[in-house]
Every structure is written in structure tokens, then in C-alpha cells.
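Right after this note come the structures.
Okay, so chain A shows up in both of these, paired with chain B first and chain C after.
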Partner chain A sequence: MTFSFAIIAFITLIGAVGALAFRQIVHSVLCLAITFTGVAMLYLQLGAQFLGFAQFLVYIGAVTILILFAVLLTKNTGPTISGQVYSASWVSGVGVGVSVFVCLAWAILRTPQLDRLAAEETNSTVKAIGLSLMSDYVIPLEVIALLLTAAMVGAIVIAMNETSTQTTMQGANHEKGLK
Partner chain B sequence: MEALLIAIKARILELAPEFLQFPLGHLLSITPVISVFAGIFALTTWIERKGLGRIQNRLGPNRVGPVGILQPVADGLKMIFKEDVVPRSADKIVHFLAPILLVIPTMLAFSVIPYGNRLVPIDLDAGILFFFAIGGSAELIVFMAGWSSRNKYAMLGAMRAIAQMISYEVPLILSSIVVIMMAGSLSLVDIVAVQTGGFWNWHVATPWGFVGFLLFLTAALAESNRSPFDIPEAESEIIAGHMTEYSGFKYALFFLAEYLGLFAMTGLAITLFLGGFHAPFPFLNWVPAPLWFFGKFAILVALFIWIRGTLPRLRMDQLMGLAWKFMIPMSLITFAAGATWHYAGKGLLAWILCTPMLLGSYVYLGTALTKGQKVSKRVYRFAD
Partner chain C sequence: MATLSHYLLLSALLFSLGLTAVLIRRNAILVLVGIELMLNAANLNFIAFWRHSPNPGDLSGYMFVLFSIAVAAAEAAVGLALIIAVYRHFRTTDIQKISKLKG
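Showing the complex of A and B:
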């Protein structure tokens, strides 16, 4: 465990704790952004440049903004959430968490791969990733593209009715304004 | 010139002890970038005010120093000593952090742009991806500024800014993807290396490159919230948008970040389309490469000032319509034009095939954008 890993892990964990502990939802989202940044930095530290930047671009630039819009569209955007942040059944929650952690730690520590010295040098340059995406993994890529296109078309279809009523309303207001 | 700069850096590093060489080397790369672009920022504010004054038939600043050239110094001093007003109901920590955080990504964006032969702070394998990833975080920080102010105008301005930045990021990235396709690399150093040998080898001298360059410039203007796309901070509608509740040096930081963001975009436009630091003719290669870079930079900044002085501000629906109905389809068509260019041999045949393709879609999309809108003389109710 190197020094830089310790710093990055600390930042990531602090962000995650903050995302759970804050009463104000927007504060939680901002802490989540810190966690996403920490994960991106972890990828960069492991030498996965493309993955790190893509993580930053997608999660900070898009997902966080999406969550923020969703938060602002909900009703409860007041300064504080009423009531307790912590659930009443926190004892059982801690119990579940600890048991999951113990199980995972036990499984990780028992894996034979732990004895290996270091991962062999992998060819993870951007060019190699691009070439393998376009040759070996072209069918999964196309399936994902199709799925995303379908989702986008669906979103447009849902939004289309609303815009037509809005434009008529705008037109009506405009006419009123002219009179 | 760049050989001299690199030699100076190597000499300084030789003098330093071994353990200091790594941090010192990076410090010597970072300091010029920060100081040069902050200096250009100060100079640009003066040139912009002078230029706008000329366009609007007045003198502009002319009190401080000869022809007002010390005006940025005076403004900077005023900003530092101004009272820092924080609204009582504001979210103090987020309100404080937003202007500071906004400067970081804009500064980082300069670190991947090549300014001359071997003069690039970091030569990243995925340099252009780094540029856009870092630029994408600005939206979150603008939201922080608008939300933490607890002001309706600030919030409205922030929402407008986010909607605009998300919309225009798409054509911005799409128009630069064509360049990545043609150069076959995400590294900005490689993209510049493809364009050596004179202006006819620059990407802007191809049909897809010319259209891509115009799309990129328009999207860059919108991305950095500059006129005619300055809806998020429209003074006459929502005071100053997300900057409404900021005063003193924090406001200056927002201003700085806005200009630095525009400069970074300009640098990227030069790198992608205008041949980076290369001379337009091979016989001019004796002129130091950074001078070519900054010469092109100065021309583009002057163009931005000219645009600001002459074009009126767009309306919100016009802004969105331009991005989604015109610029995104157009940048997708430049993809097809780029592919045609590649397979038609990059010669006369490619010109004959690509030009009608791009011109036809430009005319079609342009007429489709204004279809259904009655374009007639504006009727003023009170001003007549």
C-alpha cells in the first residue's frame, strides 16, 4: 500500500461517509461527487488512463448532474430533512454490514491469487482499447448502442406530448400579450 | 526558442538535488502556464474593453496609465480590497468553495495543450479525453455556486448555464471526434504532428475540417458562456446568473475562470484544426513555434471580441434549437464527410464528393430550423 493510495482511499471513504451522513440532499450529492473523483483517481493510479478519464467524464459530468436535477425536481428540497437521518433499526444494519464485510474479507484473503507478485504488464493503452472494442467486442458494443438509442427514443416519445401542450400554452400567452 | 526554454529547464534541474528534481521539474512546467495565461487574461480584459469601445463609438478605458493599459492592475487591486459579502442564508462552505474549485479544472485544461515542439506540460496518451473530462466538472461547480447562494436569480442562472453547457458539450465533442478519427490518436501531440508542412495540411483546409472548426468555435463560445450565448448571466434578465451573490475577489475568480475556459477552448481549437504551433508555410519555420501558437491565439481572441461587439444575445429556445436541431445533426454529417474524405483519396474527388454533402445539409438544416417561424419585422410596443 503506497502513500498516494492511502490519500486517495481516504478521500474516497470520506466522500462516501459524507454522502450517507449529511442531512441536506445536495450536500450528499456533492460528497458523492468526491467519491466518484476518488474512484477515478484510483483507476489512474492503476495505470488505466482511459478508464479513469471516462469515469470522471461520465460520473462527474453526467451522473452527478442527473442526480442533482432529480433532487431538484422532487418536492423535498427544503433546507433540512425532517426527522432522523439514522434509521431506528441501525443495530441490525450494523450487524448486516459487519457480516458482509467479514464474508468478503474472508473470501479475499483465502484466494490463491493473493500470492502473486504483481499483475503482468497489460496492454491497456487507449489505442488497444479502441481496437479491441471495434474487433473482438463489436457485438456487445452494438447491443449497448441499440439499447441506449431505444432509451433515448423512449425519452423523446415521453417528452413529446408535454412539449406540444407547452408550446400551445406559450402561443396562447403570446397572443394574450399581443392583445 | 523552445530549445532554449527546454535547455534552461534542464540546466536548473541539474543544479537541484536529486530528490527535488521531480517536483521542481513539474513546477517549472506549471508556473509559465499559469503566469502566461493569467497575464493574457489581464491584457484581454483591457483589449476587449478598448475593442468594444471602438465598436460602440467611444474611447473605452483611458485614465490609468498610457491609453489605459494599467486598467487591469487597477481592477485587480479594487477586486482584492473590495468587501466580501456573503448572504446570511447562504450555504457558507459551498458558497466559499465554488469560485476556488472553478479555477482548478480551467487551469488543468491547459496542461495537455502543446505550445511548441516538445513544449507540452504533460503528453497524455488520452490528452483530449482529459481535456473534456476536466471541462465537464465545471457544470457541477456552477451548480454549487447557484444553489449555495439561496437566490432565485442565482439558481435560475445556474440552471440555464448547466442546460446550455450540457447541450453544447455534445457538438463540441462530436466535432472534435472527426479530427480524432482522421488523426487516429487521442493524444494532442500526435494530432498536431499530423498537420505538419503548411496550411494546406491543416485540418481546417478540408471540407469536414472547415465545418468542424466553425461548429467547434460556436460550441466553445456557448460552453464558456460568452456573448451571443451569455444567457446564463444576462445582466438585463437575471442580474448576473450564478455570480449574483458573489463580490470582491470571488467574483474576480469567476471572471478569471470564464476567460481561462475560453482560452483553453481556443488553444484546443488551434491544436485540432489550425495546425497547432506549425507555421502556415514551410519557409517560415525559422520563426519560433510558440509565436505561431500565440499568434493564432490572438487572432481567435480578437474574433471573439468582435463577435461579442456585434451579435445580439439569443433567446433560450433559440439557443436550444440551435444546439439540438442544427449543430448536432451537422456535426454527425461531418462524420460521414470525414469518412468519405478518407476513402475518396483526400484529393479532388474527395472535394467534389464532400462539399455538396456538407453544403446541402447546411442549407437543409438551416431552412428546417427556421421553418414554421414567421420571420418578419419586429413590432415594438413601447419603443416606437
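Showing the complex of A and C:
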């Protein structure tokens, strides 16, 4: 185990524990950004440069900011009463989490084939990825483009004001009559 | 040198932490945060297996993660829009209080 892997793993896990445990939602979301940074660094360490920078842009640049906006748009009641931020049955939740980890770790540690080092060279240049996206994976690429468009339209429709949706449905004439 | 099992153990730990966040947090936004953590753990597994595969020229695992990131971004956008819509209706994001189907 290299020193750099230990440092990156430590950063990632500290961020995840913070996102799990902080009482203020904003602190949790900022810790989530630390975790995403750690995962991006792991991608870079594994030789997936393009994916590492995509992780930086998409997760830290977009998803974290999106979650922060959602925190701002919903009223943050704050952890005034002790224990209110966690579920009443948090003990069993932690128990489920620990037992899932124990099962996974047991399966990983008893598999001897997993104890191997990385290949010397990989073929993950941006050129190879682009050629692959445009040849073998062109249909998934188009489907993902359609999915992102549909998700954007769907997010706008869902988050639209209930009143403005109604007025759009009722039409402009009726809106004038109401005024 | 870090072997494949180190990455898998880290990813298992990250997944368990995300699962715990989903199970114990009461705020719907933090449940979504836990789901993002679990998705990241799965992506890390894909990349670790791709890097340690005997055939590194094959980009299947890489492409899977690329598409998975796009799907996760769409999921986050729609999920947060749903949370905001629910918040407008119930005036809370506490998932223990959102228990009516028609409120």
C-alpha cells in the first residue's frame, strides 16, 4: 500500500464520515465535496485522467453546487433539538451499514485473485476514449444525451411553481379574468 | 504499491458509509447525498477492476463509469427537483414527516 493511496483514502473516508455525521446540512454537503475530490484523485492515481477531471467538473462543480442550492431553497430548520437530525432507529441503521461492510470485506479478503497489482500500461488516452465513444458506444451516447435532455425538462416541470403550472394550463384569457 | 483489494476495501467502506447515511439521516437532501456516495463507491470499483484487468486496452469499465456519471447527474437534478416540490407542499424535508400520499 503506497503512502499516496493511504493519504487519499484517508481524505475520502474523512469526507464521507463528515457527510454522514455533521448536524448542519451545509457542512455535510461541503464534506461531500471533499469525498468527491478524494475519489477524483483516486481516478487520477488509477490512470483514468479524463474520468478524474470529469469527476471534478461534474460532481464538485455541478452536483455539489446543485445540492447546496437545494439546501438554500428549502428551509433549514437546524439542529435545535438534540437527536432530531438522525432517525429514531439510527442504531439499527448503523448496524446494517456495519454488517454490509463486514460481508463485503470478508468476501474481498478471502478472494486470493484480487491481491494483484495494476497493469503496466493502459489505453485510456482521450483519443482512444473519443474513438471508442464514436464507434462502439455511439448508441449509449445518444441515449444518454436524450436522457439528460429529458431529465432537465423533467426537473424544470417538477420544480415549477404549482400556481404557475395552473395558470399555464388555464390559459391567458382566464388569467386576465382573474386579475 | 496498492493492490486491487485495497481499492475494493476502500470502496466497500465508502458504500457502507453512504448506506448508513441513507438509513439514519432524516433530511431528504442528505438521503440523496448518501445515494451519491454509494454511486461513487460503485464507480470506483469499476475503475479499479478496469485498471487491474489483464486486458487494459478494453475500455468497457471506463465507459460504464462515464455513462454512470451522466446518469448520476440526471438523477441528482430530478431528485432535488422532487425534494423542492415536496418541500413546497409539506413545508418540510424531514422524511419522517412526509408520510401522506395525498396531503
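Quick note on the criterion: the second predicted complex is superposed on the first by the 130 of 179 C-alpha atoms of A that agree within 3 Å, B and C clash if a C-alpha of one lies under 4 Å from a C-alpha of the other, contacts with A are read in each partner's own complex, and residues count from 1 in each chain.
Note that in this section a contact is a pair of C-beta atoms (placed from the backbone, for glycine too) under 8 Å apart; a residue touches a chain by one contact, two chains touch by 3 or more.
The shown structure was predicted, so the numbers you read here are calculated from the model rather than taken from an experiment.
Contacts of A:11 after superposition: neither chain B nor chain C is touched. Residue contacts after overlaying the shared chain place A:90 against chain C, while chain B stays out of touching range. When both complexes are overlaid on chain A, the residue A:133 reaches chain C alone and has no touch with chain B.
Ranking chain B and chain C by residues of chain A touched puts C first. Legend: residue contacts after superposition of the two complexes on their common chain; A:54 is shown touching both chain B and chain C. Overlap of the chain B and chain C interfaces on chain A: residues 54, 62. The residues of chain A lying in touch with chain B in their complex are 24, 26-27, 30, 33, 49-50, 53-54, 56-57, 60-62, 64-65, 68, 125-127.
Here chain A touches chain C in the complex through residues 1-2, 5, 9, 12-13, 16-17, 19-20, 25, 28-29, 32, 35-36, 39, 42-43, 46-48, 51, 54-55, 58-59, 62-63, 66-67, 69-71, 73-75, 77, 84-88, 90, 92-94, 96-98, 100-101, 104-105, 108-109, 111, 114-119, 121-124, 128-129, 132-133, 136-137, 140, 144, 147-148, 151-152, 154-156, 158-159, 161-162, going by the rule given at the top.
Chain B meets chain A in the complex at residues 91, 94, 124-126, 129-130, 132-134, 136-137, 139-140, 143-144, 147, 162, 166, 169, 185-186. Of all residues in chain C, those touching chain A in their complex are 1-10, 12-21, 23-27, 29-30, 32-34, 36-37, 40, 43-44, 47-48, 50-54, 56-57, 59, 62-63, 65-67, 69-78, 80-85, 87-89, 91-94, 96.
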